[in-house]
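Quick one: the structure is below, and I'll ask about it shortly.
Each chain gets a letter, A, B, C and D, in the order it is written, and its residues are counted from 1.
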Amino acid sequence: MSHASVPAGKYNADNPAPHHFGHHFESAEHEFSSAKQGMWLFMVTEVLMIGAIFVGYLLFRLRFPEAFHEAHKELNVKLGALNTVILIISSATMVLGVTAAQRGNNRRSIGMLITTIFLGGCFCLVKYFEYTHKFHEGIFPGGLYHFEGLTVPHAPLFFSFYFVMTGIHAFHVVVGMCLITWIITRIKRGQISKEFFTPVELVGFYWHFVDLVWIFLFPLLYLLG
Amino acid sequence: MSNSHDNHGHGSHGEGHGHYIIPDATIYKTLGALLVLTGITVGLSFVHLGTWNFVVGMLVAAMKAYLVASIFMNLSHDDKSNSVIFVSGFFFLAIFIGLTAPDFLFRGDIFTEGKQIMLPVKGVSQFKRPWEPTPEIVAHGKAIFMQQCVSCHGPEGKGDGPAAAALVPHPRNFTSADGWGNGRKPSQIFKTLKEGRPGTGMASFATIPAEDRWTLAHYVASLGPNVLKDTPEDLKAAGVDTSKDTLGDTEAPSIPITAAMKILDAETAKDGLKGNIKPGHDDLEGYGERVEARTFNPNL
Amino acid sequence: MNSVMSKAYGKAAWGLPLQGSDVAVTWDHLYWFLFWLSVFFFILVVGGMIYFAIVYRKKEGRKTKYIVDHHALEAFWTIIPTILLMAIFGWGWSVYKKQIHAPTDAMEIRVIGKQWLWTFQYDDGRTEASKLVVPLGKPIKLIMTSQDVIHSFFIPNFRVKQDVVPGMYTSVWFEPKVAGEHQVFCTEYCGTSHSGMLAKVEVLEPEQYELWKAGKPYQVTGVKTPSSDLLAAAQSSARLANAKLPLPDQGAKLVQAKGCTACHSIDGSAKIGPSYKGIFGHEQELLDGTKVTVDENYIRESIQKPQAKVVKGFNPVMPPYTKDMIGEEDMNAIVAYIKSLN
Amino acid sequence: MAHTAEAHGDNYLNHEKGLWSWMTTVDHKRIGLMYLASVCFFFFLGGIFALIIRLNLMHSGHPVVDANTYNKLMTYHGAIMVFLVIIPAIPASIGNFVLPMMLGAKDVAFPKLNLASYYIYLAGATFACLALFLGGADTGWTFYTPYSIRTGGGVILVIFGAFVAGFSSILTGLNFIVTIQKLRAPGLTWNRLPLLLWALYATSIIQVLATPVLAITLVLLIFEHVFKVGIFDPALGGDPVLFQHFFWFYSHPAVYIMILPAMGVISEIIPVFSRKPIFGYRAIALASFGIALVAFIVWGHHLFVSGQSELANFVFSLLTMFVAIPTGVKVFSWVGTMYKGSIRFNAPMLYALGFIELFTIGGLTGVFLATLAIDVHLTDTYFVIAHFHYVMVGGTIMGFVGGMHYWFPKVTGKLYNETVAMWAFISIIIGFNLTFFPQFIAGTEGMPRRYWSQLPEFDLWNTLSTVGSWFLLLGFLMVAWNMIKSAKSGPAAGDNPWRALTLEWQSKSPPPHDNFGPTTPTVTHWPYEYKGANV
């Protein structure tokens, strides 16, 4: 993943710089496949990190099924479904952005990536409304919970998981948006070309992974409780 | 992880794998499939299938995840080792939950076999008109208090029992007139005993027979700075028919679920079907929470 | 110190505590089996290593043999340990079941762990602190919970240990076969005074147990914990060593040692309890609104019966320190120290 | 410490000069040395805490620090030694230096990431140490709830420090896996891979798979403090035993992160100094992976008395027994390698022999603790303390110090002083056994761990142990002195003083900036091909 720095101004999205691969690799292809493998390993760490909270959630759900079932009814299925659709579409635009970069169509790639960021922003906005509504009602995690409408024991625990899981997911969405912004600047500086699109593809993986987490979060929290 | 792969040092970069470019048509088709599947999960969640809701919901999610991973993340055209790496993450997650569950869901077999921890539920009627305090009734209430309540409320009812420190809010100080949620009249205390105070450490003590609960209420009321009396309206509101001498069957008999399970366990043990139901650890009598056995009849 | 120790654990096999119950005897069998098995393997491996190191040390003209592997040998040292380990597991499991399953007629006593005290509640409503009184030869089942953090209830002489966890019940059982005192430790780290969270099991002869039950004076006969003598000796020697110090300085050491400063500051800041600074001779408002002047008697009462007069603004959470825990000399030193903080 | 060496010709030490060139280097060799210096610093810091702890326990009734200070020292000793010393000790320092060279590569796959992981490590260490000035932490390195939720002070910072340091470990592991997968020299097939690399590969897999769970556990613990989420807090309906599952799902595999690389180092040293092929190459390589796999299914043996269900106890005790099998295979194979060899007793070999002695004791006492019934009495006593010090210090630190001596000529181009090294070893081995063997006996007699003051009946064992700790200190100081002195003014070593066959010794000492110069090394044989004529 080491890249020769390019003099500013000389190259741009339409006229990208030639790529020089790292001195310890044999070829650009070798460098690319190594970087990709590293990214997959990183995603395994993400699977375990986020998965571990899923494990906690599932166990408590099995221990207090009624409380979790009652509590999950407080979540807004419509907003959850809306966010699911938003994220899935953003995944598709991300893929379109990556394939455009792979074909050397950097203009189209930038367009798709901006759309992706926009959709990520929409997701966060919906999340923001969901959160503030919950806070208004007094639904907070665990010990701070003071919602009068639902006093089943252990219901606050459900919301602890809800806030922790969606919160960490939302954090990943924001990180993803920052990463996409970063690759857009790289494309604009002419550092991405048909020959070298590693960062675009890897950030794409990351974005899909964030989508993938939500694909499980949505039914677990909103639909099944 | 994948060590069977690539045995020749540098010859290992999977020529051509990285350059597969997903056609736009595939992307749109996949997007359509994902949206349809989302619709299916949402729809199915309104159909009641019991546990199958969970299974079906997770299966659909897994299908969506497969589509995202194999097409959007291009695993289907990528080096196999990357698939192995990614799937191994889920494998170890399965180990994690698979080996935590045998503890988390199977705890609490601390009862001695065959011994019932709870007192019998239906007491013999000792007192007539238990809603009217007499010295005997108050004394009986005190005896129960010393067994059931001191751990939190302290021997003198000041809310300073050994378990009080851990409770927020602190247990009620019965010797003070301040801060009573339901009120200090015996009928109001009776209500608290029956229903508990959600959000506090005060659990429902509906497991104590109603008659004993009245005696307890009178004792607690007697600890206050001045003893309040119930009006006939109060009593009526509390479900007491003052024209009779006894409480009658206004209260469904209930015992803690652990005791119920224990009895059930003992019953099935006689029939040689022992051990299917294990009591949960935190449902024990005493300090933990109480769970009401809603439909259980101990006389069965 | 060596001789005192071995005398105190007179009936114990070397390196192990006294065998206080049948489970302890069974446990010891398994322990010694593992011990000698380990000695065997240690000699095999390390003895072999030393032997090879000497015999095959570098010498002029020595040629080494080219050996890469030996499948039969490798299979042998894979399979034999596997068989042994499975046998050890089975044996361990069978002893474990005896260790944790109480007989049905066991007498139940409830145990509450709190920072940093053990409380024992009997069915008849009687409670004891830091002292578990039980009759000889009767199975005892302890049903335990914690009020604050995790503790662990450990009686070496009975080879039993169980964590005491807030929010759930755990249990431990034993059938004492040796009358006398047996040491109890807290073995799950629980804060400042973790090492002070000790208790004793007093196993009484039947007639003495009846006396205790009736609330009359009774005697503990039989074994003593090594520490009961040694601790007394150590404390008196510490007291002698301290005796050269001025009384307030002795008190300063004591409030550190007893963990008082975990809750009571000496700089005037309020922690879990009121600060010691500047209280002596001053009035304090109590929970019930009355006022009390802090003097020798109040301090003494507040140490021995902390719940009696609690200062307003604080919770009644302090555990009582009995006369056995803080003797009169120490009490005087602590009072002198608090006085000196004015 | 090594950059003061006067080197001739262009090598990685003089390729660029100045502090800045070190701080911004992406050369794996320099990063390895930076790790080495940091690890050694924290080892001495944690060691000082340990010495105070031992001094405090020397005589009952004569404490040298008060209880709160003791608890903080105990916590810091554990946290520093585990997170900042033993976990990065071999992989991040020796591994970083040696791994690409053994592969015949010019660098690790992601050199910038490698430097980043060093700075992440430093950041984590800084957070943890900052907490020292903000009240410290007194939870023990295990952070068990609900105590860690209730206690105040700097505990959040320490937790955050461990969280950050965890990412350094993850990134190093990730880097190593890709490097081993993708950057092997031509001819270096899996069957020719040196055993250290097999061990580091297995270690990296654990780092990548287990550390994230620690990360999320620590995040949840911080959330317990900040947002009162209550997942691990019984007062809010949570489960403190679940925290222990989460914690040990990482921390048990973590002990294999600590020991596997040391086993790898021993597997390299013994054949070189016995002038014989390693016995049972495939079995040892396979055993590394066996241990890595088993590491993930045995964590519950830390919870035998925690209130964990009987069923789980049964399962975990049974599974734990399987740890002993691959471990035994390794130990037997090392001893087997010495058979009919021609053994030289240079310092690395001495440490290897010391490793086998101490690790055997550590391993055998592990079987005691795996046995359910026995563990009930022994857990949370000094028996456990002794057991894991025999494994972690007697194993990992022995391997680490042995490795330091073994690769010293490669790193610096100098030879260390063999006589000083021998006396240091003798002091360490005597000191170690004197410090920790009495703790086994104290433990079986019932002496609990994490006690600020012990009952007088354990005085004999405590006194012996404290005296032993002084010999340990002396030994390690001698090692440090020997290393620093020899790096400055030791005699030139030549490129391959041990006549070893692995790739890193085929380069110059110290190696050039790009490891092998313009030529790419090609591997034609097994790294343990010590034939009779070669002796």
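In the analysis below, contacts are C-beta pairs under 8 Å (C-beta built on N, C-alpha and C of every residue); 3 or more make two chains touch, one makes a residue touch a chain.
Computed from a predicted model, the values in this text were never measured in an experiment.
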| item | value |
| --- | --- |
| Required steps from chain A to chain C (each step between touching chains, minimum) | 2 |
| Distance-maximising chain from chain D - centres being C-alpha averages | B |
| Interface ranked first by C-beta contact pairs | C-D |
| Centre-of-Cα separation between chain D and chain B, whole angstrom | 43 |
| Distance from chain C to chain B - Cα centre to Cα centre, in angstrom | 34 |
| Chain A and chain D: spacing of chain centres that average the CA atoms, whole Å | 35 |
| Per-residue overlap in chain B, given as positions that touch at least 2 other chains | 10, 12-13, 81, 88-89, 92, 96, 100, 104, 107-108, 166, 281 |
| Multi-partner residues of chain C (each touching 2 or more other chains) | 148, 166-168, 170 |
| Junction residues of chain D, two or more chains touched | 177, 181-183, 209, 213, 235, 237, 239, 241-242, 249, 307, 310 |
| Chains grouped in pairs wherever the two touch, ordered by label | A-B, A-D, B-C, B-D, C-D |
| Chain D residues within the chain B interface of the complex | 177, 181-190, 201, 205, 209, 213, 235, 239, 241-242, 245, 249, 296-297, 299-300, 303, 307-312, 315-316, 523 |
| Residues of chain B defined as touching chain A within the complex | 10, 12-15, 17-19, 21-22, 24, 27-28, 30-31, 34-35, 38, 41-42, 45, 53-54, 57-58, 60-61, 64-65, 68-69, 72-73, 78-79, 81-82, 85-86, 88-90, 92-93, 96-97, 100-101, 104-105, 198-199, 280, 289 |
| Residues of chain B defined as touching chain C within the complex | 107-108, 110, 112-115, 146-147, 154, 160, 162-166, 170, 281-282, 284, 286-288 |
| Residues of chain C defined as touching chain B within the complex | 102-104, 106, 108, 110, 112, 114, 119, 125, 141, 143, 145, 147-148, 166-171, 307, 310, 315-317 |
| Parts of chain B lying in touch with chain D, wherever the complex brings them together | 1-3, 6-10, 12-13, 81, 88-89, 92, 95-96, 99-100, 102-104, 106-109, 166, 168, 281 |
